[in-house]
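Both complexes below contain subunit A, partnered by subunit B and then by subunit C.
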Partner chain A sequence: MSTQTQPVRQKSPGDWLTSGPLRFLVSIGVPVIAFLFLRWSFVLLRDQEANRILVAFIALTIGVFGVWILYLLTYYLTEQLPERLGERVRPFVFVGPAMVILFIFLLYPIGHTFYLSLMNADSEEFIGLKNYRTIFTDEQMLITLRNNGLWLISVPLFSVSFGLIVAVLVDRIGRWESTAKAFIFLPMAISAVGAGVVWKFMYFVRAEGEIQIGFLNAIITKIGGSPTNFLETIPLNNLALIIIMTWMVTGYCMVVISAGIKNVSTEVLEAARMDGANELQVFFRIIVPIIRPTLITVGTTVLIWVLKVFDIVYVMTNGRRDTQVVANQMYTELFRGGSVGLGSALAILLLVAVSPFIVSNVRELRRRRA
Partner chain B sequence: MFQSQGAVQSRLRKILTASPVRIAVLALCLVWSIPTLGMLISSFRVTQEINRTGWWTVFSPRDNTEYRSLVDRVERSKTFAERTQDQFVAAQAALEAGPSEEAVSTAVAEAEAALSEAVSDAETDLAEAQAALDANEDGAQARVDEAEAALDAAQTALAAGVNADEIRAQLLDALREDVQSTEERATNAQTMLETDRKALAETDEPKNFPIGSEGWRRQWTLDNYEKVVNADRMGDAFLNSLLITIPSVVIPITIAAFAAYAFAWLSFPAKDLLFALVIVAMGVPGHLALVPILRLYLRVDLGGTYMGVWLAHTGFGLPLAIYLIYGYMITIPREIMESAHIDGASAMTAFTRLILPLSIPVIAAFAIFQFLWVWNDLLIALVFLGTEAENAVLTARLSELIGSKGQDWEVLTAGAFITMLVPLIIFFALQRFFVRGLTAGSVKG
Partner chain C sequence: MASVSYRNVWKRWGDVVAVHDLNIDIPDGEFLVFVGPSGCGKSTSLRMLAGLEEISDGEILIGDRVVNNVAPKDRDIAMVFQSYALYPHMTVYDNMAFGLRLRRTPKQVIDERVRETAASLGIEQLLDRRPRQLSGGQRQRVAVGRAIVREPAVFLLDEPLSNLDAKLRVEARTFISKLHQRLGTTFIYVTHDQVEAMTMGQRIAVLNAGKLMQIDTPTNLYDHPGNVFVAGFIGSPSMNFFDNSTLFEEGGKMIVDTGYFRVEVQKERHELYRPHLGKKVVFGIRPDNIAHSQFVPPGIIPAPVEANVDVVEEMGHEKILYLEEGGKTFLARVDPRSDVRVGQRTQVIFNMAVMHLFDAETEQALQ
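Here is the complex of A and B:
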């Protein structure tokens, strides 16, 4: 359509001068107006005391199709531009919105949060690096950092080990393999809040002598022990939380490691066995070295999850009795009447902690491009 | 020959190792599913039962010593009640019949014998008193007088003889008394029996109840769900979760697909730099963006709106989506694109008609994970929507319930299961995509 009309237009440059910039403005203005209209309809929909199902339906329609309409509309407008300009602008119709969103939601906040981290509790006064000093000197903060350290070591260690063991075991049980995997993997699909309820019930404790309806304490009292308050007993409660996360992510480790094990050639394994290697030797000397890269990938992913762990702690103890972790501390500081400065500094700390992985990702990209 | 030997060996090894391995796997699966199972079972149990016994007791026949002893007691009280009842009836019959003549005459003879015995006793006493008087003992005279009076009275009574009517009346009284006491005992025994029977009726019989029976209803219920969905507003939260999640999956995928297409197939300035930015953004924790975005929203009036949350999830999910879809799109053969160009397709047509349909596998894989991620997310939901019943999504609502109803397990377990319902359906329905997606790295770091 545009290819037919454009040669006609290019014949009169004067026409372009008057209508070109106008068209350009329109091509930017229309999406902006459309966006504002969509947003306005949203606020309206939300405020109305209308039928919830109807509101939901309209919201879904706009939410799902609105984006498509915006893209198609913008593209149509670029087709109205003179061909050469349109050719240049067009890729940005595709990539532009994504980059704008990335900038607003992930890149600009780095700067803003860093700025906030240098300010005081209500972001009104510049206090330099004082918030960072607090993080590394305050007693409570040091406990928080210690806990994160504990999580960072134990969760990847436990989950990768379990995942590896399970992956090796299920590899040998034949047709029940996928069923067994589903059992281990299932906790991965549920929310940390749901898992919180599940484990609160597991850890539930009643006074000595009463009937224990929490599974673990029922076992403990059955074998003659006295009931244990897993979530309030100080060194134990961190482990209790770590177990929950391990329970949740082991399935992920297992699935990925299992795929890695399936790639180990059976000929190599058979050859080793023929040479008289026992199963343990085959495992440690053949399988583990071959799937080492997989183990590292999986461990890294879990490590990053652990760094950001929030909901488990928020739901189970909310950091009480020395179980605080960085992300929950950050949430408390930012949204529960703490110090925005300190919370922002903690967020920056998280970014610093994941930055080696970001750097390695970018490096990997460069290597692949080269 | 060599090969077959190896095959035999490996089969032998398989048989030898199979059963311990199977047991180990079974044990692990059990350990992994016990927590969820406990929640699931408890969510269908009656509140009192949840608090009275552990959820695992629904599997084993419950300890029945209590029940058995109750049954025995009822049996014993029943026999006792019957016996006392019989006695009561017998006593009544005896009263009805009245004392028989034989009994009366026997009683009369007995009474006469007693009277004459009393006379002889009095005579003996008198003789002893007389002997004492002869021996000049102190107060002997008084004893003699007393004994003489007693003998006199006894002789008078003997002379008067026994009145048969009086005896009959006495016997009747005794029978009446008997009826009264046996009736009392029978009533007591009946009361005891009833108490025991009631206790037995209130105790569950330790066996499986047929669905819908009294015993079944005492153990299993759907009330927990009704309560959670209506009173605790989990129904609204479910709708909110759907409203938040579906656009939060569709929008980032759409935007990412457009961008990935541009990165894969269009040329534009600063392409490599922009793609590097995508990679950097992929690693940035969403935690950093919360306050800046919240402040931005307040300024542009997006605070607390669905769209605000959609955009936040879009922002946080976008880099990985671009990265994955891009990785898939560049594997599409160049010839396909070239043929499209030759056919005169515009960039948009090539994208919507060709590249997008071809990319469905990776889009589906990412969609599953983005869906789960958004559905299960708590942090963003808390920050941008809060826990107020009207706006809150399932996770936020459940976390609120954990705080406010910490030990109402019937509420918490049912609520938790409602939050898990959709993820579990997705998990079981799309398990294959799930595993494929995971191994391809579709999880958020």
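Here is the complex of A and C:
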């Protein structure tokens, strides 16, 4: 493999190849060889009988070097073009593949999903905006939308507030700061399903009179209360789920906000203290306004995550008892034999809802880099 | 307005002593400068007065109130920081009004005071701008404005000019001096730049390694440095020192032998120096007090010394000579018309009326 790449790498600048015929031969020959090699490797990879280790090795090398070879090759070909034309084509050689991949795996599916959202349950009949009408009129769907609204407001609010408070507090505990931060950030490293398992035990309930093994119910019964079924009691169950997500993302908020707070000059804080501000005033009138852009970015990022929330609900209640959210509903419709049309419409709805926040985040990122 | 006193003030960071038994009385309305190399404790001393740093030991008084346990906001002081520390999210107006608003000053009074102060500083056209839209010099003025608008009893400045370029710095120097004359408030100013200290301070406190080396008027510090450190720190180029000098008497004359050359001590100082005869001393003389033999100023007590010319720096209004004798280099600031060339052996004239002798052990001036 590496012997194959060697000549390509040397020839790609093309400057020592000044003689015409040789140049012509190479410009035909190298692509042909590369093509033949890639074709051979493709055939080999499909071969069920071939040596597993060899196949894995070839797959790896092609994954890494194949892309590299393709780039070098196309670059080499643009070098052969007349200078002005080559200059114009060259950017597309590098951006082109990315654009193609983006189109195949992103734009086309979006378009197709939109198309499906205008069709009926088994995608055979065009029904216009009827699926969308269902989303905004059906009683069950309205609960789903309401829940998403609830999530959208609570999770960013809770997680950014807690993150901010914790960030300010850990800033003052000195040498234990990084340890404390690591612990608070830890839930972020757990998958939502893992978090679900953790919180299943937090919320676990047994019939009254039995020993409660759920953390919360154990406490409640210990102090004389009666056990609560957190996940089945409306509307407590929605809050119970929201707490899980808050628990997961607060660490992220804290870390980002903490970095923002570190950027606030201590002299500015000292100036405010000398100007007569107490610690609360320093916090609300100096720190918070200065890190406001950070707070907004963190908030919108969490917002995007919340819009996509699926796994927590799927694992904990699967939408039972008025806890359904759009992403889980979409999954149910699309893959659990509901309606492909309705599921697609929900997907489009999610996409539309997320887009403005993504745009705002990208803008903010660009503004800060500038 | 208020006086300020440091009484046996110490600052320790664990085992490190940042400020060592500081005692200073600053009368009401004085412009005092803390000066010293970095890490000498000058900023720490100021920050303890501001309440931004705990006082490890001793007392600080503002007026006749001990402020050790008084919060910064209740000390009736204002401070200009090196970075200016303007609130980046507020306009200039809001920056200046912030302190007044926290004190619940009536809106009308705030407006009046902010506009008046801004006008007096020449920044009234900037009131709607934000700090990042201002130049360094403008920011510096806003920082000063924010401090004085509150009419504090004591005004603290922590290296306020070090972020300005050289030309602005000279302007800002006179600006701050004038401000002090106008307000008549106690100013305490921290700098590492002895030129700033000399030009602005009514009195200068020279600190080194956490200790107060000397506190006096600029002229007295220059003319009568109390020790080798102050002698070397104040004045530029700094004083020439000859460390291994000895003092002896010969035929009614008192002689300093530096090991490189000998110079005679003037009669008036014989009594003063007699106890130190035969001891190791440090002989010091400023480059300003070494003239070239071609242009000897009148009224000096001359002592000729021969030396080789190593480097000549032409400054236009003067020449700085780097002279070398027996491996020892010393500087002289001579008349620009002096005819000296590198490599030449030349004769320079020391003015013995203004030479300094220090005890080699204690580094204290022999006085």
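One rule holds in what follows: the second predicted complex is superposed on the first by the 263 of 370 C-alpha atoms of A that agree within 3 Å, B and C clash if a C-alpha of one lies under 4 Å from a C-alpha of the other, contacts with A are read in each partner's own complex, and residues count from 1 in each chain.
Simple rule for what comes next: a contact is a pair of C-beta atoms (placed from the backbone, for glycine too) under 8 Å apart; a residue touches a chain by one contact, two chains touch by 3 or more.
Remember, predicted model here, so these are calculated numbers, not experimental data.
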- [ ] Could you tell me if A:R368 is touching subunit B, subunit C, both of them or neither one (first, second, both, neither)?
- [x] neither
- [ ] Check the residue A:R175 against both partner chains and state whether it touches subunit B (first), subunit C (second), both, or neither.
- [x] neither
Task: First, second, both or neither for A:M202, with subunit B first and subunit C second - done: first
TODO: Check whether A:P289 is in contact with subunit B, with subunit C, with both or with neither, and answer first, second, both or neither.
DONE: second
TODO: Please work out whether A:S265 is in contact with subunit B alone, subunit C alone, both, or neither, and reply first, second, both or neither.
DONE: second
Task: Dominant contact partner of subunit A by residue count, subunit C or subunit B - done: B
TODO: Once the structures are superposed on A, label A:A277 by its partner contacts, choosing first (subunit B), second (subunit C), both or neither.
DONE: second
TODO: Could you pull out which residues of subunit A sit against subunit B in one structure and against subunit C in the other?
DONE: 270, 273-274
- [ ] Sort out for me which residues of subunit A touch subunit C in the complex.
- [x] 265, 267-268, 270-278, 281, 285-286, 289-290, 292
Open item on the list: With touch defined as at the start, can you tell me which subunit C residues reach subunit A in the complex?
Closed with: 50-52, 71-73, 77-79, 81-83, 85-90, 98-99, 102-103, 146, 150
Task: In the complex with subunit A, residue positions of subunit B that touch it - done: 6, 9-10, 13-14, 17-18, 21-22, 24-26, 28-29, 32-36, 38-39, 42, 50-56, 236, 239, 242-243, 246-247, 250-251, 254-256, 258-259, 261-263, 266-268, 272, 274-293, 295-296, 301-302, 304-307, 310-312, 314-316, 318-319, 322, 346-348, 351, 372, 375-379, 382-383, 394-395, 398-399, 402, 406-407, 409, 412-413, 415-417, 419-420, 423-424, 426-428, 431, 434-435, 438-439, 443, 445
Task: List of subunit A residues in touch with subunit B within their complex - done: 38-39, 42-43, 46, 52-53, 56, 59-60, 63-64, 67-68, 71-72, 75, 79, 88, 90-95, 97-99, 101-102, 104-110, 112-113, 116, 166, 169-170, 172-173, 176, 178, 180-187, 189-202, 204, 211-215, 218, 247, 250, 252, 255-256, 259, 270, 273-274, 279, 301, 304-305, 307-308, 310-311, 314-315, 327, 330-331, 334-335, 340, 343-344, 347-348, 350-351, 354-355, 357-358, 361-362, 365, 369
